[in-house]
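One chain, subunit A, appears in both complexes that follow, with subunit B as partner in the first and subunit C in the second.
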Partner chain A sequence: MGVKGKITAAQLYAVFFVSILSSVFTSLSSEAQGSSSANRILNVFPFLIWASLAAVPIFLIIGKNTDQTLMSRCETLSPFLSKTAAALYAAAALWYASLGLSRFGLFMQTELFPNKNVRLLILIFSAAAAYTASKGLETLGRTGLLFFILLAAGILVITGASIKYFDFAELPPLFPTDIKGLFFGGFVTLTKSAEILSLYVLSPCVKNHGKKHYAFWVLCFSLTVCVMFTVIAGVTGAFGERQTFQFYTLTSVAELGVLERLDELLSGLWLLCAFLKTSFFIFLSEKCLRTSFYRTTKKLPFFVLGAAVFLLYLPVSVSEKAYKLAADPLFNGPIFIVLVLIFPTVVYFLSKRKADRRKT
Partner chain B sequence: MQTQTLSGDCKQDAQRIRTLFGNADDLILKPLVINHFNAFGLYLDGLCDEERIIRAVTQPLTDPACFSSRAHTAKQILLTAYKGADVKTADTLSKTADGILAGNFIILLEGETNAFLFAAQGFPRMPVGQAQSEQNEFGGREGFNDTLKDNIALLRRKVNTPQLCIEQRTVGESCRAGVAVCYLAGKADAEMIVKVKKNLTAAKMDTLLGSGWLRPFLNGGNYSVFPATGITERPDVLAYKLSVGRIGILVDGSPFALIVPYLFTDYFHAPDDYVTGRVYAFFIRSLRLLCFLIALTLPAFFVAVCDFHPNMLPSEVMFKIASAEAQTPFPLALEAVAIHLIYEFVREAGLRMPKAAGHTVSIVGALVIGDAAVKAGLIAAPMLIVVAVTTVCSAVVSKLQDRLAVLRLLLIAAGALSGFFGIFLGLGLLTAEICSVSPYGVPLSAPLSPFEKRAFADGILRTGVSGSALQKPTAGDLKF
Partner chain C sequence: MKRFQSLPIIMCMILTLALSGCSIPLPMELSRRLIIEAVGVDTEKNGVKITLQTVDAFFGEQGKEGGDKKGSTEIYGFQGQNAAEALAKVEETTGLKPMFSQIKLIVLSEETARKGVKEILEYFLNETRLRPDIDVCVSEGKAQDVVAAKLGSSAGAAGVLQETLRAAAKTGRTVRTLLFRFMSLLYSEIDTPLCPVISVRKSDVSDSLLPALTGAALFDGDVLRKKIGEEETQLLAFLTGGAKKTEMTVSLENGDLVSALFLSPRVQRKLICQNSTFSAVLTLRAVCSVSQKSQKNNASTEALLAQIRKQLSTRLRLCFQSLCADAGFDFCRLKKRCAQKYPSFSAEKDGEALLKNVIIQLEIKQK
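Right, the complex of A and B next:
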């Protein structure tokens, strides 16, 4: 018998995979803070360490049975804290949604519709994402799994179609020259994986969720990123490093029979990923607010949040510079550390201490 | 009226029934004498087989040799005198009226407060013929007809096990129809059965003239593009679906059975899949899925590629398309929409017109669209090729043809306005829409998402036939 409102761990991590991969591959080369191709490939190793570190407070908070949320832990300390946390995480989800949307908007503005105003399209996009979010977690989970299959097929096709241009001579020497930069790069990749925030809220909605699922996802994701950046480096070489969207450059090189340019198709695939990402964050934001502030089952809050994402997108998308400022790891990094590591850890220990005191 | 009981005065009761029917001329009242008792026989002219009434009911019942004592009249009518199989009783006026409407021959016996209903249906009915909407090459040919009893019999012949449960009820007010809920005990999920029955009970409708009328109620208030109920005209298809835990709904007056729950992958199945080899079955299923995608997106992609993304195709191909399009006065999107609308006109005309005239429409359509429009330079040949391919592909997935027609036009509009952006956004929304449907706890997108290994093996790849019925997951296994 199915449980309404629940998804499987595979569905959740498929959503993560699609959503995060869209951020990583659509990230501007300038966002990498001047790191080399070699660092981008090797980034996955420190990413593994960072992701493991991030998992510690997550699994402490959600407990052995993964039936706890951060808000429920906060509730044991103080109802006000629970409401504050809900508002904080809802706002963060909106911020990450708008960042993803801005990145996608910038991509549209630069590559798809140069010299055209894409705001109306982004508004339609936000409304569509809000509508999808209103369909619920089950819909998002199922859609995520289908998009994952599509994305995997797309990556395979693009890799296969560009592999004939792969040249080992173009690969940078894989020696980590800048260890600090390497770790920072891994951390930047982790901050782009803001979807893991949702584990603090959605864990009770995931069936049979466990650490092994998280570990498997981190490994698969790292491997994919590593392979793709290797292919990008091997195919586009130094030329690729100068491009705004490296993955897009790779697909413009790829050829498949009569289809001479796969970049146009890839933009469609990216759209699907960005669509899922925006929907997921809108859903997450609404979920945070619903548990603490209201109980309505109406769809209006989703559309209000969709509008909020669009409004946040507007100032960020004014220019590439504005986006870079908003997406700066020096700004987003501390927010991420507070939301994923510090705040949950503090809440966990305080709630544990309170529980221990009650026992004694 | 529902609670008005019969008085036992057969003349008075007969008159009350007559009044209830508005003194209808086709309500026949026959005064009878059964074992010295006065009685009235009632039936609707045309709904009963008069010969059968005389042979099996009136003749034996009016034969004094059949009755030994006045005291046992009622019992004897039921158990000894009547030679037919089906006798029911009705104690109220409304039940008696329903019995008459169902084609029964009614006997009102003096002193009896129950009316006796003798099954003597003899209304004109369609013979069992070949399924028109679901052709197959190697399987059976039988299709359902318009009569519920015949359809139940056809199903019973396929599912010859006592586990086949058939529960009948009546739905509707003015135009009522018998509805039969069919399922295999032990295979169908109990919760689903309850939900289907609940939905049927909640189906408050004035008119029920076919199974399609029930679909909105069985979709569980879901207004998705793709419904959660399937439809079939073939008893073998329904039998197979029942064997994997689905529930069938047959409606009197309709040759189409409804199937709940229905999966999106079911649209790409055909009875022949289990007759041909597994590899070929998988190939042909994939082909059907590809046809669906082509029928849905090809015109939109064509418009988007030509208007927004010309770099995608080799320059020689693009040049040929561009030179052909340059000859026409209309924008590409308008051309695409217009030609699809014309196609829909022709299709609709072909469906609604008398068969003899249908060919004329096809010829005129082919000549006007296919030849004259291109020669006149109104429509470019590449667009015509695209529409032709789309049409052929949509015919492959005929059950989705109506939905494809609308979605295709929407995607053409999206592609014309914003290229791949619009198309992919539309497809994203459509995917989410498909994934959101699950009124019986079984998602329309199963077994792909959520993934169910055994169901995937049969629903997508097609497992072997030997022993597969025992291994196949039922609809209940797909509940997530």
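Right, the complex of A and C next:
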């Protein structure tokens, strides 16, 4: 029997893997993460550097025993700062949930139900995600692990089914001619990994969590992304680069014996991933607010937050242009840097200085 | 929290309303769809003519008005200034909503291909939601004749044409080209898209029509540049490693004709750069199987293989030179490979020089 309200590191990183992979693969090819296929493949290397950099403040904040949260560190400085941080991180979680939902909505609107209004479906989707979030972290952890297995199997099937069309000649020249662009691309991939924000809040809820788990996850994730983008480039070539959803294009050409419509398999997988992502961010948002603003055990806040995610989704999903504007790395990048790197680092050093002063 | 317990069930029930089969207020029944299996594109004086081969989902019922009923398939033709205008007439003429996701192949007439195919293929890809893994081919003569041909199979003419292409591609008699690969070559601009040339002819034993493959069409950008014959196509497939199993007839010095089966030819492309002069070496490795009857008439296997090697090398070289003579082509993707290996190399500038410096090596082993 596990400790109540706690999940294992494997479950948490499975949630991360599923949730972030869905963001990376549902990215529009026009989104600025390096324009060419070569950059998308090579992006993983700067991503490794950025992810390592992001780990520094995370593991400074959560401490050696991983029992600290950002809010608890803020609390030592000032209760107001703690409340502000909680509100800030809750809002960020809602924003990332709505971005994920918008990306999924855009995918449904362009590929699955063209020219149809999917808002009703997204509303029901948000409500269901809020309900799942209300079931707690253990449920999310178990679901994450299950979805991870499904996603891994799905990716293997899709790769295996499309490999016969793989042609090395379709691969772009892997020469990093634009180093600046490459590093920016790696950073954009990191900003899509906003789930790592949750480590500041959920770390005490994870059993035996350590740096090695984080490192293992970053490596596995990078390897998967690298392999998948190589397969996409090798199969779809220059044609894939011009498609809105490259991974979807890959699945639409894949066939496995009598199974020819593997794009439906991907649609199903993305539905699961987007669902988990939305649920996870709603849960994270509620967790931030619960620790600082209220202590109720009622489930109503989850549904209020679910409604907030849906309301945020509405303006973002008006058009592809609106989504691109909202997902622009020049807008999201600074937010991410402040929330993951700058603010926690400042809080850590201030709290450390205060603790040192108390000792002396 | 009891009031929340029934929530998942209510949500599931509401979700069923959003399923694609339950559109409200007008459900899209199969009888209201025009299921298209093949598309033919011809160039007319005033624009284009689109010929659609459709499946009669209710075979056995009375044929629909305006449709030329042939077995389980129906043929429709629409004219317009462009593809969009022609296809806009489908619904108003037939009263049915066209369904493009079941298309198996697109047939472009030679005339259309010579005028450029990018615009029309992009229209189909972006507007009709067809699948990108369908076959693209060029017709000998009018595309309408191929698409509307009664090929004597309940599977429909599109199915027969597709199977013919698949079978021929395996033996290297043609180069099967899928739409996404064709477009990829088109967009990459440093390679040559090519696709099979197809026609229909009368059977020798009956009045029925049969599909016939007559080589490949080579494109320069999106414009058809040259058509090559069946043997050239076969040699090209051998050169590029596109054929897994190729049967060729080789005439020996004593006048005997030897039928040789080549399995899994592997092509190695080496690029050599010396003092800014590029040269390429194509090394072909093949396993050759010659019938015992042919072997009996010859002194030794080694001598036989040497003769086959010599003959095939000459033919490959001639084929390569003939193809390269038409400037602007990049066979075996040498230009692209060169550009990959040497980024400073300008494919456009030195491409022709590269193609002149190609050495073809042939290694044959007997099975």
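By our rule, the second predicted complex is superposed on the first by the 357 of 360 C-alpha atoms of A that agree within 3 Å, B and C clash if a C-alpha of one lies under 4 Å from a C-alpha of the other, contacts with A are read in each partner's own complex, and residues count from 1 in each chain.
The rule is short, and it goes like this: a residue touches a chain if its C-beta (ideal position, glycine included) is under 8 Å from a C-beta of that chain, and two chains touch if they have at least 3 such contacts.
Just so it is clear, the structure is predicted and the values come from calculations on it, not from any experiment.
Student: Give one of first, second, both or neither to describe whether A:Ser23 is in contact with subunit B, with subunit C, with both, or with none.
Tutor: Once the two structures are laid over each other on A, A:Ser23 reaches no partner at all.
Student: Of subunit B and subunit C, which one touches more residues of subunit A?
Tutor: Between subunit B and subunit C, B touches the greater number of residues in subunit A.
Student: Quick check for you: in the superposed arrangement, does A:Glu170 touch first (subunit B), second (subunit C), both or neither?
Tutor: In the superposition, A:Glu170 contacts subunit C only.
Student: State whether A:Ile124 touches subunit B only (first), subunit C only (second), both chains, or neither.
Tutor: In the superposed model, A:Ile124 contacts both subunit B and subunit C.
Student: Taking the superposition as given, does A:Gln109 touch the first partner, subunit B, the second, subunit C, both, or neither?
Tutor: Neither partner.
Student: Once the structures are superposed on A, label A:Lys299 by its partner contacts, choosing first (subunit B), second (subunit C), both or neither.
Tutor: Only subunit C is touched by A:Lys299; subunit B is not.
Student: Is A:Val253 touching anything from subunit B or subunit C once the two structures are fitted on A? First, second, both or neither.
Tutor: Touch partner of A:Val253: subunit C, not subunit B.
Student: Using the touch definition from the top, say if A:Glu241 reaches subunit B (first), subunit C (second), both or neither.
Tutor: Touch partner of A:Glu241: subunit C, not subunit B.
Student: Counting contacts the way the document defines them, which residues of subunit A are shared by the two interfaces, the one with subunit B and the one with subunit C?
Tutor: In subunit A, positions 113, 121, 124, 128, 131 sit in both the subunit B and subunit C interfaces.
Student: Sort out for me which residues of subunit A touch subunit B in the complex.
Tutor: Residues 1-2, 4, 6-8, 10-11, 108, 112-113, 121, 124-125, 128, 131-132, 135-136, 138-143, 145-147, 149, 258-261, 264-265, 267-269, 271-272, 275-276, 279.
Student: Where on subunit A does subunit C make contact in their complex?
Tutor: Answer in residue numbers: 113-114, 120-121, 124, 127-128, 131, 134, 165, 169-170, 173, 175, 177, 236-242, 249, 252-253, 255, 299.
Student: Under the stated contact criterion, what part of subunit B meets subunit A in this complex?
Tutor: 191, 305, 309, 311-314, 317, 418-421, 423-425, 427-429, 431-433, 435-436, 438, 441, 443, 445, 448-451, 479-480
Student: Which residues, counting only subunit C, touch subunit A once they are in their complex?
Tutor: My answer: residues 1, 4, 7-8, 11, 14-15, 18, 20, 129, 131-133, 178, 180-181, 183-188, 191, 333, 336-337, 339-340, 343.
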